[in-house]
Every structure is written in C-alpha cells, then in structure tokens.
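Lettered A, B and C in written order, each chain numbered from 1.
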Amino acid sequence: MLRVHGLHFRYKNIDALKHVGIGLNKGEVLSIVGPNGAGKTTLLKCIVGIVKPDNGTVLIDGKDTSRMKRLDLARCIGYVPQSTPSKFPITVFDAVLMGRRPYIVWKPSERDLEVVADLLRSMGLEDMALRDFDHLSGGQKQKVLLARAFAQDTDYLLLDEPTSNLDLRHQMEVMEMISGMVKKKGMAAILAVHDLNLASRFSDTVVMLNAGRVFCSGKPMEVMTVENIRSVYGVEATINQNDGNPYILPIRPVGRLKK
Amino acid sequence: MCIPHFRYFYMQEICEQYRGLTGRKVSFMILLVVLLSGVGLIALSQGASSVGLKDSFAALFEDSGVAHAIVWKLRLPRIVMAILVGCGLAIAGTVFQAILRNPLASPHTLGIGSSAGFGAVMAIVFGGGLYKEYLIAGNAFLFALLSSSLILGVAKLKRSTPETMILAGIAMMFFFSSLSSLFQYMGTMEEVHEIVFWFFGSLSKVGWKEISMASVMILLPIPLLLKWSWDFNLLAAGDESAKALGVNVTRIRMVGLVVASLITAGAICFTGVIGFIGLVSPHITRMVIGGDHRFLLPASALVGSVLVLTADTLGRTLWAPQVIPIGIVTSFIGVPFFFYLLMKRTREYW
Amino acid sequence: MELLVIMKRTLIVQVVILFLFCLSVPGKAITGQDNRMELIKVQDAQGTTLEVRLPVKKLVVLTSDALEIVRALKAEDLVVGINTGIVKDPLFWPRLKHRPAVGRWSEPNYELIAELNPDMVISYARHPGAEMEKKLMPLGIRVIRLDFYKIRTLEKEVKTLGRILKKEKEAKELTAWYQRKLSWVREKLKEVNDRPAVYVESYTGYHTTGPGSGGNEICVLAGGHNIASNFSIPYPQVTPEWVLANNPDVIIKATSLSNCYAMADPGPLRTTRHRIMARPAWDNIRAIKEGRVYVMAGDIWTGPRAIIGASYMAKWFYPDIFKAFDPKELHREYLERFQGIKYQGVYVYPSL
C-alpha cells in the first residue's frame, strides 16, 4: 500500500504541490491527470525521492520513505522518466540490466541475466537485445525503459507520461504491458498522463491535479465530468460512455483559466 | 520460477549472445594488453645507446654495468611513467565524461589540467631548493583540487547541470592559462625556460621516486572507480533514472570529480602537459566496445597507456637522437587515428 | 697680369673669408650639412642594406646586448629609451637604469617610443616582428636590427654601430680587443688534436645546443667537440640515454639566472650543478665521475660577453694549456675598460 500525506513542495517561491494526498493498493493503477504545470511530474518525483518535499510523508507499506536508504527505496519503487536520454551509449540488454542495479554489486549474476533476457523476450525486444539503445525508435526506447523498470522488480512503479510521443499502436502496447504487469505481479502503478481517455480506460483511480492541489479523485467515471474538465482544463467537452468507461470529446476552450 | 522449455531456450540464447558481447570486450582488453607489452618491449629495446632487447633483458637481472643503469634508471622509468600517465589521463577523462555526461569533458577541457599547470608554474617561479620537483608536483595537485572544487562550488551554487560545469571548466581553463602566461610574461629567462619544458611535456625527468608518487595518485583510486562503474553507467541514463535506481547522484559526481582531479594531477605533475589523451582515449574505446564503464574504464586506461607509450617511443626514435616532444607526437598519432574511427564508426557514441 | 693677380688675390680673400666664416659659425654650417642629410649605407643583422641618416642623436635600445655595445662605444648619452628588463639589473646599469623604459624587448610599446621621438631604435633581427618598421617608419624613426649575440657576426655589427653612432674609433678599439683575445685562444688551441666530448645543455632541461646555436659556437671556439654538432636543429630535445651513450668528458649547463652581476652567493648555480649530477644513471657519465660539470650564467653565454664564456670553456676543456690564464681577469678587463663598471658577481660554478 502506498500512501501520500500532505505533500508540500516549493520551487522558486512557487508552491508546486499543496498538501497533496493520494493512496493506492497493490494490483491497482492510478492515473494523475491535469493541465500542464499542475504538478504531475513533481508529485511523481517526490514519491520516488528524486526531489525532497518540504512537507508531508510518503509511506510504502507503512514505512516512511524519507527514512529509507536510497538503495532500499530503489528496490521498492521503480520510475520511468518522461524523457529518454538523448545519448545513451549502451546496448538494449545493458540498458535493461541497469534495472538490476539495486541488486548487483559488480558482476551481474546468472539470475540477473535471466531476468533481463526473459523481460526482453516477453516484451518482444529479443531481436534488438544487442543493438544500441540510441538506434531504436521512440516506441522501442520507451519499451526498453519500461523493461528496465520491470527488471527493477519493485512493488510500485511510477511512470511519467509513458505514452507521450508514441504512435497509437505503441501507446496501446505500452499501456497493456503496464496493466498486464500490474495484474500479473500484483504491483501498483502510478501514471502521469495527458490523454484523459487512456487514463480512464486503464486506471482504477484517477487523481485530477490543478495548480498543485488535488482537485478531485476517484473512479474514472466520478472524475471525468463535464464540470471538472471545464474548471480544470478550461475546455468544454462532452462525455460518452462505453463499457463503463468515460470517453471525453473536447470541443472548444471556454472562458479564462482559473488558477 | 517455472519456465516453459522454449522460453528458457530463448532466454539462454539472449544470455549467450550477451556473454559473447562481453567476451568480445574482454578480448579487446587482452588485445590491448598484448599491444602494450609489445610496444613496451620495443621501447625497452630502443634507445640512443647500443643496448638492445637481449642486453636489456640481461641487464634487467644482473646488477652491474652501464646497461643495467640504462635499463633500470632510464628506459624502464620512462616506460612505466608513460603507461601510468596514459592510464591516468584516460581514466580521468572517462570519469569526467561520465559524471558530467559530456563528450567534451577531459582533464584539459575542464581546466583541471590548466590549473594544475598553473600550480606547477607558480612553484617554478616562486619555489626553489633541492625539493623543487616535489613542490611543483604538490602544487600542481593542489591547484587541480582547487579548480575542481571551484567547479563543484559553481555547480552547488547554481543548480548543477552538466552544461554549467563544462562552462565553468572552460572559463577556468582560460583563466589559468592566462595566469600561467602572465607568470611566463613576468618571469625571468630561466623560469620561462622551465615553464616551456613543462608545457611541452616530457618523460625525461622521471625517476622511480616520481613514479612511486604518481602511481599512488593514479593507481590507488582505480579500484574505487571500478566499483562505481554501475553508477557511472546509470548517470548516462539521466540523473532522475539514476536516482530512482538507487544512485546518490550528487555524491558520485562530487567524489568522482575529486578523485579524477587527483588522478589528473598525478598524471601531469611530473611530466607536464600531455594533452589530448584524456579526451580521445575514452572516445576511441567507446567506439570499439561501447559505454559500459565496467569495461570502458580499464579498456580506455589501456588505450591511453598504449597511446602515450607509443608516442613517447616514436618521439625519441623517429628523429633520433633529437627528440620530438611527446605532446606533439600524441596529437600526431592520436588525431588521425581518431578521425579514422570517426569516419568508420557505426555507433553513434557522442 | 695685374688684373690676373688681383683676381687671384680676390679669390684667395674670398676663400679665406668663406673659411673664416665657416669657423666663426660652425653650428650653423653643420646644421646646413644636416639638412642635406648625410646618408650612409649599412647592413643589418639580416643582411638587408639600409640607408641611415646621420647623425643619430636619440636612441632607443630594445636589447640589453645592444645596450652593452652602445655603452662600450661610449654612446650612453644618446640612449633615451631602454627595455623594462634593464631596470631589474640596476647595479649593472648604474647610469641607464633611470632612462624611460619602452616595454619588453620583444614587445615594445610603440606609443612610448613615438613619444620619445628617437632617431633610431635598435632591436634584434627577429624580434619584434616586421610590425615595428610599419609603425615607426612613418614617424621617421629608423629601425636597425643588430643582434650582438653571435661571436661570428659580433665584430661586423660593432663596426656597423660604430659608423652609425660616429664612434668608429671606439668600435675599432673594441673589435681589436676581441680579435686579440680570440686569436690568442685560437693560437693556444692550435696544437690540440684530442678534443674533449662536450654535452652542452641550454636553459631548458634536456635541450642541447645544435648547429646554429650560440652554445655550439662558443663550445667549438673553446676547442670542444660538441656531441650535438651533427644535429639538424639549434635547440633539440634529447634523451638522458643519448647523453649517457655519448659519454661526454665535460658537461656545460647554461643557466639563465638573472642578476648575476648583483649576486654574491653561488648557491643557485651550485644547486643547478647538483641537480645535473644527481640525474638518474648519469653517474655513469665520465664528466660526472670526474666532476667536470660546469654551470655558466647566461650573461657570458651569449651576447657581447660570449667571449668570456668561451674563455671559461677553454680553461675547463684544457686546464693544462690555460693554467696561467684566468678568465675572470678577462671579464674584469672587459667590464672596467669597456663598460666602466667594476667587476663583481657570480658567473660560473664551480669557480676556478
């Protein structure tokens, strides 16, 4: 179980996060949505410990992460950043093997190699195992980074816009891999997502952030309302339903944005 | 874990391929060791005196005569120092490039070389006495540390990015080069000549005492750096990924910078400025075996050693008995080789 | 006839009057001559023939070598500008140290020179570069390039400067002295056929002196066999092993220590010698075994006093032949007779 209480983070005199609280259980996918600058990425970074919040706690299975060693934390939470490194002079296999770093001293064990090989196979990356990461397409790179996070073998996985810059097919593949892994291994995943439809379709819980605050949270159907989208995004939209999932069709920007 | 047979087979195949790749990296290093030994033997057998390879070997073990002195006091120290210097500059370059995630980083482009140079120049101008060499070396080290801590200070003051660090380094390089020039400008003839010697770079003044000091500074930190190989690898993935994978990014960057400065100072304080090696060795190695620091660090150390030893041996034999200063030769053999690799490369490694 | 006599007489009177007139206002007559520009042709150190307008009354001297010659020619009073290095050696230049400095010998300040408005600037053949002529010629300032640091060309250059400064007599005196001393050394060395092998190290460590260098010149002059005499560049770097393999009988180390004239303690020279003798494996070299390692200050190594350096070398190479000869006395004679200062300072180690 992952619980975030009263998270507060200031950056350059601006409150990027204000008393944010979320929680999710294993086997669940939680999506964080919200307009640009709402604090989605910052929230993820605070949870995984890349930046230190000014206030508030992150509890993993009851343990305060600020008191955990970095390496121990790395065995609990995996993180896939939004941007892929521009130059990453290493093979795909090595890139995924990096996910095993929290378990390796110097020489990777047989098991480490097997975990990596198995992941590459199951994600359809086996043919490019020894190719250079830099030579892959955007979608392939994203999968490799996902594989690296899976290789980390953690209970919790944080993903920052895992589908941005991907074509439809890769978006679907990546999202299915995530939800598949969550269901199969009983993990929990937090995603920062721009695409409200993807968020609705793959999440158990949606948290809508606005200007560093949790505007609302709950099941996709509860959060994705015409009113919420109008006041948070300043967009007039219609909501349709399909299989119990809301489908959002944005129409036009309205009024002035409230911040 | 219960794995179906076919799946297991696939896995084994991928692992096998990966091991093959690792094997190739190891073979490259073995090749370098063989190459280094070969060049070492040539270096041992070449010289102005008539002492050839056979005599050298004989002289290695018998404790008398001029041949013994030539081999033990002149040729071997030169060879050993060339290897040490090449190794040190290459390792320092690799570490700088890794921690700053910048292909332009090297002891000299970061200004660490220039500031160490300035430290040496300062000792030349103000120092004196019988222990002047040690003063020069010690001061070179002091200033290498000073400039690296200045870069760190800048990095800490402003939120550190690799770009600000490299900019600070380049600024530092210009600053200390100018200071050295000022000293040269104000110095007496004698000082100017010693400064010139230092800036040419030379292995002629090296004895076992210097070697023991340099090897402490260069070799001692290497196991530590090798231990951090994974962290260096992860830094390439980006600071955030590295942090999320358990790397203390700030610490590795700071400690790495200090250790690499120590190695830089050790490599250049007794021999003067031998540029280019620190920049080019990691690149050459990366083009051949890729960016995994577990292999990149030792292999580029070997590449650096081969380059410096070859350059020095060529420098003192090509135009014998006149010596072509080593700094000139390293560029002459390193640059064309580097360009050859740039043209031929299939990998996009920076 | 009468008429002829009268005409003749008139002519004589006229000539006499003209002559008297000339005597009575000599300054004016010379000025008149000045306006007609007395031009002489001289060759500078690069072999270029230049026209120089005489007399030269104001002189900026950029090199200490030239300044020494100017002083030897008793033309000190003409000097209106010197290089900044002169000030650092006030004891050696008691009368010149307060003249305005115009910058470094290699990089003078042209504005300062222009302000002093000299007739002529004396510099080395190669330094500063050709920009000096470009800047100074339009201002009517003549640049003359004379090196005064090679024994071979020294006499010729002294004579040239003597003509320019109208000090032919002094120039002749100086060159005659040089010739006398040189031919004496040459004469003494005539009977020698076994020349000692010499390793000459210039100011920078492990840089020897090949053909074309001053070090080689004085070594050969002093009857030494420079082991680098068949090299192809003047200041090549060599390996310690090469020196060891050539096993020289004598090692000469030049040190560019400044202020040797003001020095009383040979400490720095001793240190230099000690460090040469302690170089790894060099204890196998004959010169070191026999202690024939000599350190020489730059003052007498090149420049107008290279002859002093050469004399010391000759004495070191052939102590028996030059037993009664003391180069220090030669140095004293030069300083007191031509430079007008008393002999002092430390120039070599070990001293004789």
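By our rule, a residue touches a chain if its C-beta (ideal position, glycine included) is under 8 Å from a C-beta of that chain, and two chains touch if they have at least 3 such contacts.
Here the structure is a predicted model, which is why all the values come from computation and not from measurement.
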Chain whose mean Cα position lies farthest from chain B: C
Core chain by centroid distance, with centroids computed from Cα atoms only: B
Where chain A and chain B are represented by their mean Cα positions, the distance between them in whole Å: 41
Centre-to-centre distance between chain C and chain A (centres being mean Cα positions), rounded to whole Å: 82
Whole-Å gap separating chain B and chain C, where each centre is the average of the chain's CA atoms: 46
Parts of chain B lying in touch with chain C, wherever the complex brings them together: 47-50, 66, 69-70, 72-75, 77, 128-130, 188-190, 192-194, 196-197, 200, 202, 204-205, 207-208, 316, 320-325
Residue ranges of chain A in contact with chain B within the complex: 45, 48-50, 70-71, 73-75, 77-79, 81, 83, 85, 87-91, 93-95, 98-99, 101-102, 104, 106, 110, 113-114, 116-118, 120-121, 126, 129-130, 132, 134-135, 145, 148, 152
Interfacial residue positions of chain C with respect to chain B in the complex: 202-207, 210, 228, 231-233, 236-242, 244-246, 255-258, 268, 271, 274-275, 280-281, 283-284, 298
Touching residues (chain side chain B, partner chain A) in the complex: 3, 7, 10-12, 14-15, 17-19, 21, 103, 226-227, 229-230, 233-234, 236-241, 243-248, 286, 290-292, 294, 347-350
